[in-house]
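Just so it is clear, A, B and C label the chains in written order, and each chain counts residues from 1 on its own.
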Amino acid sequence: MRHFLTTEDWSKAELQALLDDARELKANPRQDRLRGKRIALVFMNPSLRTRTSFQVGITDLGGSSVVLDAGGTWPLETEDGAVMDGTAEEHVAEAARVLSTYVDMIAIRAFPKFEDWSVERHDPVLSAFVRYATVPIVNMETIVHPCQELAMLMALQERHGSLQGQKMCLTWTYHPKPLNTAVMNSALLAATKMGMEVTLLMPSDEYMLDEKFIEAGSRFAGENGRGLTLTHDVEEAYRGADAVYAKSWGRLDQIGLPMEERLTPDALRRFIVDEEKMALTNNATFSHCLPMRRNVKATDAVVDGSNSLIIEEAENRLHVQKAVLSALNDQ
Amino acid sequence: MRHFLTTEDWSKAELQALLDDARELKANPRQDRLRGKRIALVFMNPSLRTRTSFQVGITDLGGSSVVLDAGGTWPLETEDGAVMDGTAEEHVAEAARVLSTYVDMIAIRAFPKFEDWSVERHDPVLSAFVRYATVPIVNMETIVHPCQELAMLMALQERHGSLQGQKMCLTWTYHPKPLNTAVMNSALLAATKMGMEVTLLMPSDEYMLDEKFIEAGSRFAGENGRGLTLTHDVEEAYRGADAVYAKSWGRLDQIGLPMEERLTPDALRRFIVDEEKMALTNNATFSHCLPMRRNVKATDAVVDGSNSLIIEEAENRLHVQKAVLSALNDQ
Amino acid sequence: MRHFLTTEDWSKAELQALLDDARELKANPRQDRLRGKRIALVFMNPSLRTRTSFQVGITDLGGSSVVLDAGGTWPLETEDGAVMDGTAEEHVAEAARVLSTYVDMIAIRAFPKFEDWSVERHDPVLSAFVRYATVPIVNMETIVHPCQELAMLMALQERHGSLQGQKMCLTWTYHPKPLNTAVMNSALLAATKMGMEVTLLMPSDEYMLDEKFIEAGSRFAGENGRGLTLTHDVEEAYRGADAVYAKSWGRLDQIGLPMEERLTPDALRRFIVDEEKMALTNNATFSHCLPMRRNVKATDAVVDGSNSLIIEEAENRLHVQKAVLSALNDQ
């Protein structure tokens, strides 16, 4: 049984098939593909787009969804053999097996807690659900965000056509708080896998993404005969780019420290995506997952410019997710 | 494209058409008018009736709804050009445009924050959604509550028949905390527009509603050849009334002060709607939007009396909202 | 009009009819029995299984549900005649009557507040809904949990066949915090009513369940020619049992005390259900409602053993609840 946990284990051809089906679903949104199917949407973190687009997409395909919010339930234990006298009231062993008797698929949002990256990098909640569930699992963002990256690829293809050899600048951008690395991990995996020439711009080595994603990105780039360049040089990253994708994230080496020590230094506000930097590119498109702080992560001029793909990318969440659910349902 | 933001910009004839359709929908609740339509219900404040009646009504008409709760999402920025380094993670510019790609209508509850009335009187959240959304917007209570006032009108017409020239007493009533003025603003607009002779009873000038609603109410009354009387005299307000509508609200001049300074003085408990006051009327009907604190805002004897319309009015929320959604969908 | 508040007022034959229908619904899950019916699910406490299984079950039967969470609404007054100047913004008199105009059934989860058992033992929230609603009410757990006990009975019958004369050990088990007695109250009512020979194992008399449940259990046992034995002796309770049902609960005589005084003494950890105790039984099945803390309430070896019914029982929630809703709808 196949899950949709990360794009890493879906081949380039399989991802392209999902993207092609998403385009078909964009043209013909209401199809009877999930007739009578029930899907649980488990949110351990807030959501606006993900929740709405999954619910609408499932309804469009004739299925039904049940939303479970963190606030409406209780902490779950993920470790096998645990003596559960802490805060967790239930083990994923039970939650996943029971939900599997009620529904046909389970989609999960579970951010890392930013307490211990050595544990969190193994995606413990998602992994536990995969271990115990007897129905397909969909990742709605954990340490990666594969639905977002499919939506990004779809928006890029709609504007650029083929992505082969297109130059992608993936840039860290400012946000006052240390955020999840999931979206940039996924953007890196997706862009390299689809044959883009990728440069990853970070303020310093301290902001390096987990080595497993850097290694996978390098491997995918290599398989396509492309490169993955890591840099701290803004001009090098932007110069000649066909596409700019921005996201802020926190330092992995600071996970577990008190929040006041982890706040982003003001000096890094200069990484904001602005017209000056965009002028270095090859008339690049701009995108960023949402939510996005305006005039902090990117200026209004960039966000509202004709090269901005942010709304298209967000809309495409609906279409790619329908393609993913449809593919998992058909297996 | 038309929205349903306030009854102020819907003509008397248009409002009556909505009320007539609501009666038809009360008689025949299940009609295929929203087949395949998706509607987002965005709640930035708690709700029991609004949430249930919108969800049920949409299902009855063949549509589907997605509920977004404040608790499950994040604060939204409403000001254009803002440098978003405060608490807001997303601008309405994005939220409204993205939701517009997922759904066919957006309904919003967004109370004022009671921090700065000079800003809040312009209904910033609702206005921002109107500015950016590309689908119709429905007001589920902000600084006015037009769905409630339609429900009130429907309940009144069911009991009184024509409302022309009927004497309406709109009375402030006691509640320990300073509440939103939305319902009374709306009741004033609705009663004057439909040709009632309206008296607004407040404890003192300090409790005056925003001048823009007083002015609109006076204008509507004038257009119908009726009057709008403002008074602090309980007997004057109740004497001869055909209908009494009660609601508590906080002083606008105290918005922004610490809550402990804004608590309602005990002396004003005397504004409770009781049998003694009702005895002054012309056997008036009584109503109040819900929730309502019994024996604080009105006595059990009044609330449970045969002239009480509170349950009919609350039920009518379902019917009038279906009429509103249907009208917006048909344009 | 009949409600489903407790199994106490449903006869043995009526309960068996619900269980038989649940088996039919397990075999044929999608049936058009609630076509066009709307059901409100009111949760004043968190839920995972109850919420999911009710929503899925209602959809399977062609109906629609609206979920109302405590977090999304406000405290409700239950006492008639109350002067509502405390925290409650609305009386159940209004909430129940209004919901009755929107939906065809109302299901409610409302745990006792553990402040004053002399009040809470009368199930004030549920009782108030019954007093005022004009549609059938379903108990989703208050001071009893009748849906859970039907699911337990169904799982037991699937494994044991007839339950007549089977020996049931109901055991208190360890949990660090004092929990609701509802599930054990219900297990006691159900097991005695269905003709099992029941032993209730508690650490001491201080853990006695409310006398009204003990009395009802004794009466039901007597009607079946069986006994209800109360004991503090672990070996007596487990010896020869055909089924073991475990649940932790807090002392009724400590309700209202500060939580730190109510925490369960460490010495009672020995009540954990483990292989040593299970070895005393007649190869008994094991069950526990979920959530359940592993290696605190029961060991992994017991929970994961082939005699464990926990997942079957949880799955059966879906089937028995569909049978209950169907029966209430057919009256």
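Throughout what follows, a contact is a pair of C-beta atoms (placed from the backbone, for glycine too) under 8 Å apart; a residue touches a chain by one contact, two chains touch by 3 or more.
Bear in mind that the values here come from a model prediction, so they are computed numbers and not experimental data.
S.K.: Would you kindly count the fewest steps from subunit B to subunit C, each step being a jump to a chain that touches the current one?
M.R.: 1
S.K.: Can you check whether subunit A and subunit C touch via the same residue numbers (shared by over half) or via different ones?
M.R.: Subunit A and subunit C contact each other through largely non-matching residue numbers.
S.K.: Taking each chain's centre as the mean of its CA atoms, how far is subunit A from subunit C in angstrom?
M.R.: Here the centre of subunit C sits 40 Å away from the centre of subunit A.
S.K.: Would you pick out the residues of subunit A that each touch at least 2 other chains?
M.R.: 71
S.K.: Under the stated contact criterion, what part of subunit B meets subunit C in this complex?
M.R.: Counting only subunit B, the residues touching subunit C are 30, 43, 46-49, 51-53, 55-56, 59-60, 69, 71, 176, 290-296, 300, 310-311, 314-315, 318.
S.K.: Hey, which residues of subunit C end up touching subunit B in the complex?
M.R.: Residues 36, 38, 40, 64, 66, 68, 71-74, 77, 81-85, 88-91, 93-95, 97-99, 101-103.
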